[in-house]
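One structure, pasted below without further comment.
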Amino acid sequence: MAHILKQGAGALLGGTVKRTAPVVVLLMMIAVVGIWNPAFFQGSNLITVLTLASLLLMASLGQTWVILLGSIDLSVGYMASMCSVIFALLVSDWGYGALLLIVLIGIAGGLLNGLVYTMLRIPSFIATLGTGGIFLSLAYVISNASTVAVADVGNPVMRLLGREFLYVPVSIGLTVLLWAAMLAYQNFTPGGKKLYYIGTSEPAAWLSGIRINRHKILAFTVSGMTAALTGVLLVSTIYNGSPNLGDPYTLKSIAVVVMGGTALTGGVGGLGRTMIGALIMAILSNGMNVVGVNVYFQNIVTGAVIVLAAMLSLDRSKIPMLK
Amino acid sequence: MAHEVLVSMRNIVKRYPGTVALDGANLEIRRGEIIGLLGENGAGKSTMMKILVGYETPDGGEMLVGGKKVQFRSTREAMAYNIGMVYQDQALLPNLTVLQNLFLGYEHLFTRGGFIDHRKMKQTGREILDMMRLHCSLSDEVEALPLSTRELLEIGRLLWLSEISGRPPVIVLDEPTTVLDSNEIRQLFDIVRSIRDKAGIIFISHHLQEVLDLVDRVVVFRDGRDIASLPARDLTVAKIQEMMIGRELNTEYYLVDKQREPSERVVLEVKQLTVHGKFQDISFQLREGEIVSLVGLDGSGKEEVCRAIFGALKPDQGDVLLFGKRLNLKRPDLAIREGIGYVPQNRREEGAFQHLDIAANVTVTLLEKLAKLMFLPRKKGLQLAREWIEKLRVRASSPHMLIRQLSGGNQQKVILAKWLASDIKVLILDHPTRGIDVGAKEEIYRLLRNLADQGVAILMMCDSLEEDIGLSNRLLVLKDGRLTQEIDSPADRKPSVLEVIRAL
Amino acid sequence: MKTADGNILKPKSPAGLKQLPRTFGPLAILIGLVIILSLLTPRFLTTSNLINLMLLFPIPLILAIGSHFVIQTGSIDLSVEGVMAVAGVVTAMFVHNSLTSLDWGVGGIAMGVLAGAALGALNGFIYVKGRIPSFIVSLGLSLACIGLATIMYGGNPISIYDRELQNLIIGRTLGVPTIFWWGLAFFLLMLVAERYLPLSNHIRAIGGNELIARQAGVNVNRVKLAVFMLAGACYGLGGALNTVRLTIGSSDTVSGFLFSTITSVVVGGTALTGGRGSVTGVLIGVLIIQIINNGMILLSLNPYLQAAVQGAILIAAIAVTINRRKAQFVK
């Protein structure tokens, strides 16, 4: 046991085991929850689960690439909060313009993260902590520290987000589409492959001619954008935005990515895994609700799960000096 | 005058993947005697010392300290027996003061009720400084001190530690004079001589004359064994050099018959390249089909020159021209684009993507070329990998194998495949056969000969002078960062290792 | 002479000059800040404002010093808020309050400190034995703790009735808030520890180069565990005092402390890479941040911008002081 802890199960577990473990966990969870309370399988509940999953997925899309590179984005939640506020404020009057603005804000924020990280050489967790503080502040200032309700709930954008296409809510479809596009980039383009090279070994990547900074900035920019869109999705579910609405999503996005099997050390995993992780988290959350577990206890579970999953996926041979 | 035996190392064997570093080596260290340990790079002397001080564990043989058998699993255990090696920064922390460094880990000897008695500590500290004739202050941050001072501080700490344990120390000084000027060298020797009676001292240096000046006995290592142990007064520098080398060059092994004369066309021209603190004013040319070796001792700057040409180390001055066109040396990808490849020394961390498969490692520089309209399906990479696995006879069952599962030699072949698959004009290799077994080495030599035949210009540095001489058309000698000599190494008239060693 | 990896080191120029900004920078900034603020608003240097500052800075100081030692070893501890929350609730439950029937007075604060120390020990244990990067462990722990704290008071914030205890903090002794004396005493204690305990040398050594420290005989794992426990105890103390001061036991009272703590430590000269900094520097860093916050309020700037300002300062402080050589490949 100590041996496993020492090496990091990530190094010892065979590739196949690591690849399939999350799926197995997912299936087991569905089984357990389903047996405990068959109400889980009801159509309305399933939609709830999938909506939750797509929310988690959206927040984790960019984070996946960031972690794949071996860094971390701690500003996701704050960006989501800030954008929930801005979107709720503007959507009634600006319609699709508000959506566009959110995307731009997300890109700008992510770009800031990427630049601070690459140009100023500040460790990503501090850089994003710092910028996260800026987003947090802006969220409070813009909303005047209060909840912002969407003025005109019937406006076209809100209706679009709430509509269903073949029983699937548009918000879910949007997320899955984005996920698919990013997945295609990740698995089938040179740029996507370079994420893995950088995450595996930055020195080797640099000596192989990969322009590391470029890809890091891209990953953080995308992370900012998906975090921003998470804010939009949040508003679409409860029709208002607030300055701390998205805060929990920082840790949730990390949990999703890590639970799906993407290693914190980088170079292993990807968006396919994140999809599984999102489903696991959603079912866990929904399952706990259905079973009647205290909401705050869920936090403890999430915290413990993050640490556990991190421990199992970490490949210790990649970290000579643990900090 | 030599007294009792402090440490006795017998029949030490140490193997690394692909090589045998020590093959039954012996060493006896006595109190009151200064031993000069000599040998070429790779002869085994560094490994022997690493085992002595607990940095490595031997695979065979035994070590006795004070007559008792010991096996050190860490340098801490060796320190408990007062055996230590003095590296420049190995035992000192730059962010701590002199005082803090001297007594790190031993503060409890100066505490009263858990609190440090600074007066007592400073007093002892000053004694050590006096003994080592140092003028620095106890509150200086080590970071700000010159390297010579740090060296003496480390020796001082070792001596103090031995004093409090009452056991005579064994001190290994590894190339201590490299950073000292002549005055400081004289001072160091004085101090070493003054403590000679109390300790057993091993002195490693490539400045052979210095060694003869200081030591009582010379031990020469070659091919993983101690081959001679003679009193210093009986020796001259020339005699030592002869002992260090030994055999004739194996021309068959290095495929010397396949060595071809390079064409007249200049591929790479290096002009007055300078990186402050590493090398200065380096100028030379590489021709089509030519293999050129950079030779020089540690610290000569040859590794840095290669990195600078590749764009991995930004030069302060100078230019590199490829077919007459000036290169931008800011980043490796710029050099790669022009057709320069680089095989780094550190295979594990810089050469290969250990956790990715062969296909990924082979295609890393070719991604854009293989992709069509931004899209790059997996099978193209796999196909390419299969081709090269076959061509280079890489012992791997499939391109899906992770590169870390391959042996050193096969890993290197995959790394080479990456460059061979691109259209390179120049290949730079930093110690390409390090840690590779004999069979794989031969295959790599063949590869390099083929490359040269195709007109690629090769610049490299090898693990042994033999390899450098055997493989190359020409040797460039670097000394202290400057290009001092050019030695021709034509197929019909190869220089002897002795000849080259004398030039270093 | 060679280093362990075979590199020959050439003599460097004395680094003394480079150290100047690190040692005197924070102090200069502090002085400059005081001058600028007193010029910008007459309300800064008034007695009441200064008394207010004295009331406000001890708790951040305690938190920052706890973090400082962890950061000095080269690790990081992001669990400040979580531990504070739990400790605060624990304290609330042990003093005269609305939830339980206990009335331990100062003993309640001690319980809070113990709770913090226990959590810190857990943090350190998982980090050292599980060998998981400290920022993940402490982050996860923080989340779990906030949840734990909320469960403990069941969603209804605990009200504290012990006015005597509260007075022990915000009441006056010799004309200044009592908590100022507590803070001063704590600071002096840490100063003595820094100077006279071998542990402090070991902490610096580990931050400088863990490998060398280990070879010199420092018990790295034990030291790391110790600093995390100490940090936890500090956060516990801070959380306990915070709770008593506000007379509310709840997890809502801790937001914002993580930012200001880390920023204070970094601004005070403690490098994130470890091995540098001092307790005095931390004091200066805390004063700088608290004065900036104070100034922002006096100048009628939106108080919610505090987090943004701190975030920007954090980034700037690190960008300016980062050791570029050590940071070749930054994660």
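In order of appearance the chains are A, B and C, and numbering begins at 1 in each one.
We take it that a residue touches a chain if its C-beta (ideal position, glycine included) is under 8 Å from a C-beta of that chain, and two chains touch if they have at least 3 such contacts.
Please read all numbers here as calculations on a predicted model, not as lab measurements.
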item	value
Pairwise touch network: line, ring, star, complete, or other	complete
Comparison of A-C and B-C (more C-beta pairs in contact)	A-C
Far-end chain from subunit C, centres as C-alpha averages	B
CA centroid of subunit B to CA centroid of subunit C, Å	44
Centroid distance [mean C-alpha coordinates] between subunit C and subunit A, Å	29
Sites on subunit A at which at least two other chains make contact	203
Parts of subunit C lying in touch with subunit A, wherever the complex brings them together	74-76, 126, 129-137, 139-148, 150-151, 155, 210-211, 259, 262, 272, 302, 304-312, 314-315, 318-319, 322, 324, 327, 329-331
Touching residues (chain side subunit A, partner subunit B) in the complex	15, 187-191, 193-194, 196-197, 200-201, 203-211, 267-268, 315, 318
In the complex with subunit C, residue positions of subunit A that touch it	5-6, 8, 70-72, 116-117, 120-127, 129-134, 136-138, 140-141, 145, 202-203, 251, 254, 264, 294, 296-300, 302-304, 306-307, 310-311, 314, 316, 319, 321-323
Subunit C - residues contacting subunit B, complex	1-4, 6, 8-12, 14-16, 19, 195-198, 201-202, 204-205, 207-209, 212-218, 275-276
Contact set on subunit B toward subunit A in their complex	310, 312, 331-333, 335-337, 342, 344, 346, 349-356, 360, 364-365, 367-368, 371, 374-378, 402, 418
